[in-house]
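First chain A sits with chain B, and in the next complex the same chain sits with chain C.
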Partner chain A sequence: MSATVSEKGDAPAGKQPDQLFTLKRWNAVAVWSWDVECDTCAICRVQVMDACLRCQADNKQEGCVVVWGECNHSFHNCCMSLWVEQNNRCPLCQKEWVIQGTGK
Partner chain B sequence: MSGDSGSLLNQSSSTDQSKNGVSRHVTQSSMMIGSKSSNAKKLTIKNFKAKPVLPENYERETWRKLEEAVSAIHRSSFIRYSLEELYKAVENLCSHKIAKNLYSQLRDVCEQHIRKQVHVFDENIDGELFLRRLEQEWQDHCQQTIMIRCIFLVLDRTYVLQNSMLPSLWDLGLDLFRENVLSRDHVRERCLLGLLELVVRERSGDAVNRSLLRNLLSMLNDLQIYHSLFEKHFLKETEQFYLTEGDVKKNQLEVYEYLIHTEKRIEEERNLCITCMDNSTLKPLIACVESQLIARHTDFLLNKGLSYLINENRMSDLQRFYSLLSSIQDGTQSLCTCFTDHVKGVASGIVMDSNADATMVQDLLDLKEKLDNIVNTCFDKDAKFIHGLQRAFESSVNKRQNKPAELIAKYVDQRMRSGNKESSEAELDRTLDRIMLLFRFIHGKDVFEAFYKKDLAKRLLVGKSASVDAEKSMLSKLKQECGGAFTSKLEGMFKDMFHSKELMSQYRQYQSTKADMQDISVDINVNILTMGYWPTYTAMEVRLPVEMGKLQECFRQFYLMKHSGRKLTFQSTLGHCVLKSKFKNGNKELQVSLFQTLILLLFNEGDVFSYKYIRDETLCKDVELKRTLQSLACGKARVLTKIPKGKDVGDDDKFEFNSDFKHKLIRIKINQIQMKETVEENIDTTERVFQDRQYQIDAAIVRTMKMRKSLSHQLLASEVYDQLKFPIKPTDIKKRIESLIERDYMQRDKDNTNQYHYVA
Partner chain C sequence: MLWNAIIFGPENTPFEDGTFKLTIQFTEEYPNKPPCVKFVSKMFHPNIYADGGICLDILQNRWSPTYDVASILTSIQSLLDEPNPNSPANSHAALLYTENRREYDRRVGSIVEESWKQ
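Up next is the complex of A and B:
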């Protein structure tokens, strides 16, 4: 997906003053998404890039982030915090749920 | 005794008094010829207790005198006696209780006169002559009656007044005239026929003796036979006349001519009625004309002429149509139905003509404006027309799926793009308001959103937006119309742009502290888009030159440091660059896409490269590479030369740096040859919309259940329909509810399967 870099390394884009083309400005566009294995939250079945179902219902799209477990599975943080109140295991692999990190 | 003498004294003085009173009275009463209800209280008669003795023969002599006077009046000849003398004579007779005789004698004399007079009508004369004779007789009769009444005033004021069964002298005159003249069939008949003939001639445009008509009709009114003798027949005649006229004219005339004619007819009839007839005839007369000329032919006229009048924008004719129809029952309703059908036909025609997609939106806007104008100016802003117009547009616009929504979005894009300087900000805002009128009719508003978003993304990323204010204004219009959930992602796009700017100034700081980045002179700017807010772009892998690769990685590091748990994907198709370039004929600054940049940078190492070499170096895909090479070597500004020459790029072509490149400008934008939005891409966009609907249904159901806690299926469904901005089938809602029950967002009631409860 991302661009690979030329390995030859003998074509510096911007230096020699006598070259025909010199890159002056580069307007790039990048898309960010959560670094997850599965795009969909297994609990609410909404894509993790969208707010979870409850946040959508409340119109609180922002601040609905993703949480990763040590098992590397990820869910909406909202969905998972409700889930662990019932069952402290990962819904996908049944391992004990230990938070590895949350998105920001 | 003393009382009697007193009364005698009183009597003489009261006679004097009454003398004065009488003379005053005669002059007054000559003005009034009304019946006995008039105020006749001036004469005091309570003092006439004792009768003065009358001479012998007094009654006979006096009557002879009076009879002679009456005859003279009837003959219109000279009266030998003064009116005052005659008046007094009547007064005397009355005071001596001979009034009863007097009254019946007078009645007999008058009746004999009229009977003798009637023969003048026997002559067989034509209509109008007859009418004039009748008018003459009537006028004579009235004058005579007035004069007789002046003489016999005391009789009217005393005897008649005391006998409520007796008609006043004036009424007596009317009775005699009615019973002896107008009771005769041949008089009645010829009178009626004559009058109707006058009316017919009036209607056919002849100059008719209107005062004759007026006088005779007022005569009939006085005789109280206006309604029975005239009005009934007149209205029937009128009905017949306009029945025939309507049938003939509606085929003979264009509809607008027919309407003008009808309006003229109504005005003529009103005028005739007001001048010549009794007021009470006006309402039924006008109703009769309207019913024959308009009500009977409403559907015919509407079907034959309405579309033409609307198409040709005949404002005053349309206004006339409306006002004529508004006076008949359900008239404007019929007009509204026909109007709505017409609008549906025209609007659907515009929508369904797939060859005219380019002008669909403008055509619809123009049509809407024209019709709004007609409703406001010609149809009195009638609410049912306003609603009818809206319903017609709504049904037409939704006859074709998705396309209208897409084209409306495109239309907005054209207005919003810079370079579109044809309108001022205020005008642009008005245009947007009008667009919203169309947008409101669209059922699949999310389809609009998807296409709108694609165009908005282009405007934002290429910096092509004409005005930030206009963008914000459009966004707030959409928000107002559809609510915050609808625009939240669009707003997210603006926020991304804003945050990117902030982030870039932090990044420049960061880069300047990096030792290994010091030799890089390229100014990088990155717009970071939140996935999901923006349209989905197909990622294309390319190989970057070392320096660019270093820059990209440096930025990625910086970004991931600030935001954990994220990943960043650079979109090569959206990148664009500024290249400084040296040609024999001078230095240029090229504005090019990232792909164009990658190719041009290769020519720093050599003058000629094969297609295959370029492909291997840049890793561009064939389709994209060929398009890009075409733009550089076959477009308007050819910085490369293709070998061999030709429009299309082949796998065995070579490309050479064009050192002779010439251009009058220093800054040159080399347009990437735009691929037309492919059908697949288009289907892709709409398909994504449909997938997304399921999430929105879920969210709407959860939102509603959270608020209401417990709801029946019907109530839940109807609330969800109201929230959603796209059409949805009941089975879809059922499926989503089942799915949410399964996911524990809600549960079914234990006893009532039709009732749901929210699960917190």
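Up next is the complex of A and C:
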């Protein structure tokens, strides 16, 4: 590619004769994702941004939050609180489960 | 909830061509507690009890709620050719496995044939 792009969006054309085109408009597109290693809850297999399987069945979507550990693995808080009663380890990496944060 | 499952004996092992039937019994606490998995077909293996119960760490103390039916069955399938003779559930099978592999393979061959009949 050998095109030259004007640095200003509204630069007047024609000043530089070797200019092939002028950039007139930018369309910025932003993509976001959770800053954690996995976005599907490995316990109930539902995306962590949606309510967990149990809360969906009980129609309690509002209170269903995400919890992530110091190992950076994330789960639904509901799913994880049931599991830690059995074994206080991350179901994915087996490290001791230490909560880093919770949130929506 | 009770599921029925079949595990094919892995190729190039004495269990090859076997079609082993199992039951998987889930409780309400699944996946926080492992299901109870048992062979229905007669087995001859160092880590499988006479009643079909399986001695496998991931079904006991190393259970994780991320395991699903496919991963359980795959683990059991690999246990068939990689027994752990140090924690025997069938001491006769464990003894033959370590001390008389020919006889072990022959006994396994007979339960493979039996698995086709049920």
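Observations, loosely collected:
Heads up, the rule we're going with is that the second predicted complex is superposed on the first by the 68 of 104 C-alpha atoms of A that agree within 3 Å, B and C clash if a C-alpha of one lies under 4 Å from a C-alpha of the other, contacts with A are read in each partner's own complex, and residues count from 1 in each chain.
One rule holds for everything that comes next: contacts are C-beta pairs under 8 Å (C-beta built on N, C-alpha and C of every residue); 3 or more make two chains touch, one makes a residue touch a chain.
Given the structure is predicted, the values throughout are model-derived calculations rather than measurements.
Shared-chain residue A:E85: touches chain C; no touch with chain B.
Shared-chain residue A:Q19: touches chain B; no touch with chain C. Legend: residue contacts after superposition of the two complexes on their common chain; A:C71 is shown touching neither chain B nor chain C.
Comparing chain B with chain C, more residues of chain A are touched by B. Look at A:A42: by the touch rule set out above, it reaches chain C but stays clear of chain B. Counting contacts as defined above, chain A residues 43-44 meet chain B in one complex and chain C in the other. Against chain A, in their complex, chain B makes its touches with residues 461, 484-485, 488-489, 492, 519-532, 534, 537, 539, 541-553, 555, 559, 563-572, 574-582, 589-590, 594, 597, 600-605, 617, 619, 657, 695, 698-700, 702-703, 706, 739, 743, 745.
For chain A in complex with chain C, the touching residues are 42-44, 79, 82-83, 85-87, 91-92, 94.
Residue ranges on chain C touching chain A, taken from their complex, read 31-33, 63-66. Across the interface of their complex, chain B is touched by residues 1-6, 8-16, 18-35, 43-47, 49-50, 53-54, 56-59, 61, 65-66, 68, 101-104 of chain A.
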